[in-house]
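Below you'll find the structure, written out as structure tokens, and then a few comments.
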Amino acid sequence: MSNASPAVITFLSDYGYGDEFVGVCHGVIARRCPGASVIDITHGIPRHDVRLGALALRSALPYMPSGIHLAIVDPGVGAVGEDGRRAVALRTIEQARVLIGPDNGLLAAASELFGGVAEAVDIGRSPERLEPISATFHGRDIFAPVAGALADGAQLAEVGDPLAATDLRELPLPTAHRDGEWLRAHVLHADHFGNLILDATQVQISEIGLRLGGQVEIELAGATHTARYASTFADVPAHKLLLYEDAQQMMALAVNRGSAERLLDAGSDCELSLRRSGT
Amino acid sequence: MSNASPAVITFLSDYGYGDEFVGVCHGVIARRCPGASVIDITHGIPRHDVRLGALALRSALPYMPSGIHLAIVDPGVGAVGEDGRRAVALRTIEQARVLIGPDNGLLAAASELFGGVAEAVDIGRSPERLEPISATFHGRDIFAPVAGALADGAQLAEVGDPLAATDLRELPLPTAHRDGEWLRAHVLHADHFGNLILDATQVQISEIGLRLGGQVEIELAGATHTARYASTFADVPAHKLLLYEDAQQMMALAVNRGSAERLLDAGSDCELSLRRSGT
Amino acid sequence: MSNASPAVITFLSDYGYGDEFVGVCHGVIARRCPGASVIDITHGIPRHDVRLGALALRSALPYMPSGIHLAIVDPGVGAVGEDGRRAVALRTIEQARVLIGPDNGLLAAASELFGGVAEAVDIGRSPERLEPISATFHGRDIFAPVAGALADGAQLAEVGDPLAATDLRELPLPTAHRDGEWLRAHVLHADHFGNLILDATQVQISEIGLRLGGQVEIELAGATHTARYASTFADVPAHKLLLYEDAQQMMALAVNRGSAERLLDAGSDCELSLRRSGT
């Protein structure tokens, strides 16, 4: 619809690499908007893990060209009525990023990062959709063709029905909080390398008196561990635990040349408590 | 060879993601046809599973831009003489899709979908091949350079020797059939999500009296299961079995928020029988 | 910086497919050099396996368009002082290939293949780097932006500080050697298909009297195996062992329609001895 070059599309999903699902979405985009360039953020989000998809999207988007951001982690695909989830496209207030996906919280953390939602549309009955719509593959039949149309210059109002931004679903996330000398925190997720990403910020860490180079005591499932608060893996000996601020400015636990996930036997949503080590 | 923009190339294989094989084929294409755009359908086809590769290719191609369709699942690579398989490129009667791959049935189901084969060539000794040809990596040495040449505008007759379409190998597939009140069917494959794709069509399902919303009895390996014939996962409670028409218009078994593959302990080629449930 | 089209970037890493790391690097490149085309060689190098990364890079690069070759396998990321590794970019003597990565041997085998290093720079404090630099994700903060800048036409001297080529780290590799009628060799790595790649060349194999079609005796961990020296898998019956020259001109062991890795229970760095079979 536009004479300009197509916008860049980024694409994140839980479709995995074993089937043709990701490739088919690429094909649908290429048919709707020849010449569109697509950057795959990852398709290795664990199946149906909306929260991890939302966190990965929030981590990645600041490093992506401003454009069309397609994200699909969709356990409720095909549900109707009360259980139904909307399919949506939205534009953020800052940078006018366009996000597309199921309205189940997946887009919430990233939208917030760009100042919230300026405009949203329900694309469940988009004129861009492929007919017949399957019950199980909305990536192909709704999300990808809408992404292609938007990259091609279509406006939000052309691809869906208006929707109040306040009607969009939020993403429930655990929150670390201070409890005297302790910080009660949670594991948000374990990454590919076995690093445990926490819901704690550097500010909260300094509020309990922790300083770079100091020791931190960690209680988890009845066991106590000691870690060094360090700036990088190599600040501790091999196979030792460290607390650090990760590349996404979140506090995390890692083992130098090892796996904190295995050492602590911990995963998503585990509660743990941290305090400055007495010794 | 042509002044037009290069044709889109799609690429499916069983090369996996752990080695450099896929990337090397991309490199060879980029050297032969700079600017060619390549869509990876998937490289996660289980090793040497020609049938699953053929089914994935047939599912994906209608959603791909018409162009050059490279597919490599090639257990017979390097064999010569009687056991040898040809390397081929062909053009379909409808839409003039160009398919490239080993002549072992991999291209058969997709070719049929586009009306059959209008022209075929044997590319085993293509002038486009890279010398010396390795015995084990024809993707790099034969298939990818030929794909690049065809995307660049070369004609089939320029990249290989003429071959009668009737000489191409077919793909043996199981076939569901009616047996009184029973439908005897087979699992064609289990997808990434544990859904079991059957060789049955919606027509066959209605012939045994099944209607949407009804119950179906399933016999498999001596055990009996009950499923609902539903249009989507969310039509049944979590962890319950359903029979549905999948996004590729094939009948399939799934478990809502679970895995039919695990629940039924079933995989490719398993026989199962379905009938309308008595109760 | 340049009016010419961007150079092609190739990208190899051990980041895996489960996280957003690869996608984020693509995003950074696209922001720095819109329109750059990136070929993913593989991101499935086993974590921290610098040697395997170096071998895969050497295998792949001759098939890649000459351009910017980004490679990241970086167990020492974030280390400082004595343990620190440099981040480097270099240009090879032949073909002026530009390689970017950690200076830990990863780039060494590929550089040598193109005649060695003509010019090198330390990019640890590159003006192209993203601030604040994280301690753990130099792919995003250093390597990818420098790759984008170089693809965009920047010169090496603009993205880093001069470095003597002789200061670059080498890659220690095992070396096969003759010992009377025996050839003492090592497994360099096991590929996706379970083929065992050796450090032996075809010349060394012929020096111990082996001829194509002949039998070879293999001693490994106290067990003796017999293989045929063949040109391709199909030259031996299914499930039988063969010795062959692989697609990268290295000697390798494989099992036709099986896995030599499993049959021999062997992996990287295993020592084995080969000689002409007496019978």
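Order of writing sets the labels: A, B and C. Residues in every chain begin at 1.
We take it that a contact is a pair of C-beta atoms (placed from the backbone, for glycine too) under 8 Å apart; a residue touches a chain by one contact, two chains touch by 3 or more.
Small disclaimer: the values here were computed from a predicted structure and weren't measured.
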item	value
Overall pattern in which the protein chains touch one another (line/ring/star/complete/other)	complete
Chain C against chain A, contact positions shared by both copies (same if over half, else different)	different
Fitting chain A to chain B on CA atoms, where both chains share a sequence, rotation angle to nearest 5 degrees	120
Approximate Å spacing (C-alpha centroids) for the pair chain A, chain C	32
Where chain B touches two or more other chains, by residue	17
Chain C residues within the chain A interface of the complex	15-24, 26-28, 30-31, 34, 47-48, 75-80, 83-84, 134-137, 140-141
In the complex with chain B, residue positions of chain C that touch it	8, 10, 12, 17, 37, 39-44, 56, 59-60, 63-65, 191-193, 231-234, 244, 246-247, 257
